[in-house]
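Each of the two complexes below includes chain A, the first together with chain B, the second together with chain C.
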Partner chain A sequence: MTQFRRYIPVIAVIAAVVVLQVVLSATHATYYMTQITMSAYYALVVIGLCLLMGYAGQVSLGHAGFFAIGGYTTAVLTTLNLLPYRDTPLVKLCSSLGLIFQRQDIYGADILSFSPWVAFVAALLLAVIIAFLIGLPVIRLKGHYLAMATLGFGLIIYRIVLGGSIFGQADGISNIPPFMILDGLQVNGRVPYRVMNYYIAWSVVAAAMVLAINLVGSRIGRALRSIHENEEAAHSLGVDTYRYKLFIFVLSALFAAVGGVLLTHYNGSIGPSEVTVMKSVRYLVIVAVGGMANLWGALFMGIILNFLSLRGVFGSYDDAVFAIILIVIMLFAPQGLLRMPRLPALWHGLQAREDTAKPVPSEVEGMAVPQKQSGGSNG
Partner chain B sequence: MDSVLLETRNLHRYFGGLHAVNDVSIKVPQGAIKGVIGPNGAGKTTLFNLIAATIPPQDGEVIFRGKKITALKPHTVACMGIARTFQTTKLFGRMTVLENVMVGRHCRTRCGFIAGMLNLPRTWREDRETKEKALEILYDLGLKDHASETASNLPFGRQRLVEFARALAMEPALLLLDEPAAGLNIYETKELARLILWIRDRGVTCLVVEHDMSLVMTICDDVVVLDQGRKIAEGRPSAVQRNPEVIRIYLGCDDAQNSES
Partner chain C sequence: MCPGGKKMNLPQVVQYCFAGITVGSIYAIVAIGFNIIYNTTGIINFAQGEFLIVGAMTAISLNHFVPLPVAILLAVVITTLLGGLIELVFIRRAQNASVLHLIVITIGISILMREAMLHIWDEKVRSLPYFTGTGVSTITIFGAHISPQVLWVLGVSAVIVMGLTPFFRFTLTGRAMRACADDRMAARLCGINDKWMVTLSFMLSAGIGALAGCVISPVTQTQYDMGAPLAIKGFTVAILGGLGNSMAAVVAGLLLGLVETFVMSQFDVAYKEAVSIVILLLILVFRPSGLFGKHEITAMRAV
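Moving on, here comes the complex of A and B:
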């Protein structure tokens, strides 16, 4: 059952999550769970970006944009009041299909709007379509050019959100209803639902991790990594590099959008601060700190750093802290924080250096050759 | 036996004002080892890139197994059975030797994104087969002990061998070798010659761009000489060696012995 060995860390994480919940509940510190839940949704963005950046080697500085496409789509659709259009055939059709539901806003007035499930599906579809259309031209670019192009995309989304009246401009959108996933199971940020949402968020993260580690370990994962290592060689081995890069770009956008939708319902609101370039940079920093091609590192750092940030540990220097972390990581631990040169590794490194200082007995390592063929001289 | 596997017809490729490949027509028979020689800048690598569809020709066509492959993409051409190695070894440095060779099985396997993400049983089976096949090739090339090593940690000669293994994993019909002996010492070059002959004996047709004349003369059944983009001679190595135009243009002087490099 070697196929299932890869799931052991997932099970370990789930166990740790349960233990943490028990400890927090026992110590009456459940308020920490709110930030952990939010961090888990942000971690979804990070997992997607880790696949794109760490494994396929394609930079994106626009992932806050995809998060926002998810979040704002669901926000708009679930708060749009359709009451004035109640008698139009389209709205009638939608409500007969159960796509629309009636609720009351905080002032007790009736609101008719799309159900969160509809909004969820629409948000993901929209994110996939936009990622596909953006990716189509952009993913042909390499390195800095790709970074610039995705940065531009992020900026455009930010300006649209900030300027569009249906997006609430600088105020964003609030009073977003909870997301009833099933009867009794809902994404809701209120205190009574704290523990439930902690588990909902972690279930989604666990599912995302399983999909991601499976993908990375598969034929496609190898192809993606080979693109990262040497695109020309990958191409020559029959890997359709353009298609795979486009796919992983869309997939990572989808992960970001899922995070955006769920966090928006959890918070009950979304604002332009979710869409800033610094948010995109933050996701990128977390992937880098986690060790780039390291899903577990990305998840771990995604939870820790977002949690600290949300707890306000970094104060008003929040964005600066992430920028500094990026610089420090790039300078001193480009392999990520979890793979820092530890002492044993350093020791081995020193020993290896001594070994190479000794004269090598034979310069000729020799190219081994198939045993079956004999012939030719043995130099 | 004598059927033509690959044929180029009047290929032309310009880079700006440079006519890098000028009206080159060659035929590579099935099961042969064909050499492409010529001085630096003769258009050898460009010819390779045209065949592998890395760059398109401005005129002319490439026929592989009777089909025109000129307008196709490199990955399609690769999956049709044309493998290549590079002048400067292009391994996937941070992947293991085994993984490198497993990527070579890409065209021979099917499993897609969804099956991969869900880790469906058929992906296990396919992955196991891929691994077995890759290990088999590593064994054949004497690299089995290095399977789990990171590719970039291997010495240069072995890295080139891994590149061969990766290309062979594709089970190609045609293998394009771009200066396989570059950077190898005399001993390694001799081993390389044996390796190429062994590959041919497994049924893989080889097209070799090479500077090392002794290697070309030992292994090739047939040699094409390029100069400034044009084909100036073609034939058996011994015949080409005596061709006065080849001696004049390619070797640059009358005394052939002094100019071999």
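Moving on, here comes the complex of A and C:
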């Protein structure tokens, strides 16, 4: 029963996703689905980062780098034209194994390149290997040192992308073919495939959430939380802190890479703007706003904030809005907006302040209002 | 790229040395800014690089109305006040926050400052005029042609470093700040207002940052988003010298500046950024206490 209860929110979200699709289709507002689909892929990065930051307490300022490793690997492999090398033994071998397919580019010229499945697997493998190699030394670091090291990693990936001609430098890579998952099922950003891709993205997110929830509730999840609470204590109790931290670092990089691969096929292009430090900070903001150790908070905030940002609601103040949200949340609601169990404490705290006739800072009141309302039904 | 190495004659070596020392001394000033705040609060202020840009940008704007020395002085004062304001508004409220939260807050501040600068000063690359002479006037030393601005950079950096040492050693305020760095609770028990010392440390590092930003502006020019790379390099230098150790930061800064310049002279300019990041990662992995630091101290501090 408890096993089942754990999945009630998952089922509720799936129901909400279906209802949303029906409503959007009925009101002929399906164009919203494009941004929702993109937000869902970004949410994958956020879910992974939430496991790393929220549960294991390890900061990463380089997750856009892992996203880019996924996205750029698939972009390069599926657009690399192997036609001139058609007769080399290696290409012939790959061809006979069905790893290569022929298509036509937008000008009608033939292109022989790796199939997206090959690229997908290669991208994930590469992300895991790089995350492991980077993680080996870096995950030993703490606090500021870890933040700066991961930031440095992100910057190096950015420089490589910007400087490497194979990565299209400032232009990025475009004309990336759709990802045929099965016959008739493909990751494709074109309008006829909108509803299909909406469901593909949400299926991937649902799978990631189920995986993450199970992980958090497992022995590994308990170990991670003990590391977050007090690493020395966890270590002295026999938790192999280093191994667990490394594992979760690699896993969260894998989540980011999956998001990167799928979004790249969906958009048909990828550019250096996906790899900037600001992108990494954005993922971190979303995890923080969601309440750090709160997978559902991370998912909701990931969808909502990315959706608003992609719709251009924030205009040229996009980055500034994220920064302000970040600071306000950190100062006034460090447990995140959706953290319900803390509400009674906050409520008591406010009352206690009023009792002692201390002026309540107006911002605190402002922040507390939506919480009080949403918490009303909670008791 | 030619890893075999380009042959260099003496004037060229001198030329590169000066270039390296110039950027290196600026890195050192950024690192000292990091150290001042780190020592009193245990926070790494990710917005340190932005102070340089705010200072330079303010001076550039003011220079339209007032003479250069006045513009720089005002810019330093304004940035100093801004530093204090940031501490009062953001950092003081977050006193009980964890390191993770504080990192996130200062990152937020740095983005906010960068975006504000983008909207105030747009994306254009600007610069202050050369303090003496013009962009083409040079002084010849050992056959190398050095811009007089380089001497300004070196001179001002030296004055900042020389000034800070007696400030921390002999003045009451400086000693109080050091006391807070040593043991905040004990300092408070001695009657030191530790909260104001933290504010002061933000003001001080904002002020010297602004001054450094002004003197380097004619050489490197100034753009709204140049703060982050400066912060990374400043942090590399601070780590290289051992976090909190300002004198070692000077040595480390000059070292990084020289290494970077000579690598640039041999390889592609595109790899300039990568040099300091690779050094940063190596030093973090192999000697997180810095080149001159004792291991245990930083290990304790880092937690």
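Keep in mind that, in the parts below, the second predicted complex is superposed on the first by the 339 of 379 C-alpha atoms of A that agree within 3 Å, B and C clash if a C-alpha of one lies under 4 Å from a C-alpha of the other, contacts with A are read in each partner's own complex, and residues count from 1 in each chain.
We take it that a contact is a pair of C-beta atoms (placed from the backbone, for glycine too) under 8 Å apart; a residue touches a chain by one contact, two chains touch by 3 or more.
For clarity, every value in this text was computed on a predicted model and none was experimentally measured.
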Partner chain in contact with A:I324 - chain B first, chain C second, else both or neither: second
First (chain B), second (chain C), both or neither touched by A:A147: second
First, second, both or neither for A:I156, with chain B first and chain C second: second
First (chain B), second (chain C), both or neither touched by A:A223: first
Which of chain B and chain C A:L211 touches, first, second, both or neither: first
Partner chain in contact with A:H235 - chain B first, chain C second, else both or neither: first
Residues of chain B that touch chain A when the two form their complex: 52, 54, 73-76, 78-79, 83-84, 86, 90-95, 99-100, 102-107, 109, 111-113, 115-119, 123-124, 126-127, 130, 140-143, 155, 157-158, 160-161, 166-167, 170, 184-188, 190-195, 197-198, 201
Touching residues on chain C, where the partner in the complex is chain A: 44, 90, 93-94, 97, 99-101, 103-105, 107-109, 111-112, 114-116, 119, 228, 232, 235, 239, 268, 270-271, 273-274, 277-278, 280-281, 284-285, 288, 302-303
For the chain A and chain C complex, residues of the former touching the latter: 53, 57, 59, 61, 137-138, 140-145, 147-149, 151-153, 155-156, 159, 162-163, 277-278, 281, 284-285, 288, 316-317, 319-320, 322-324, 326-327, 330-331, 334
Contact footprint of chain B on chain A as seen in their complex: 3, 211-212, 214-215, 217-223, 225-226, 229-230, 232-241, 247, 251, 293, 364-373, 375-377, 379
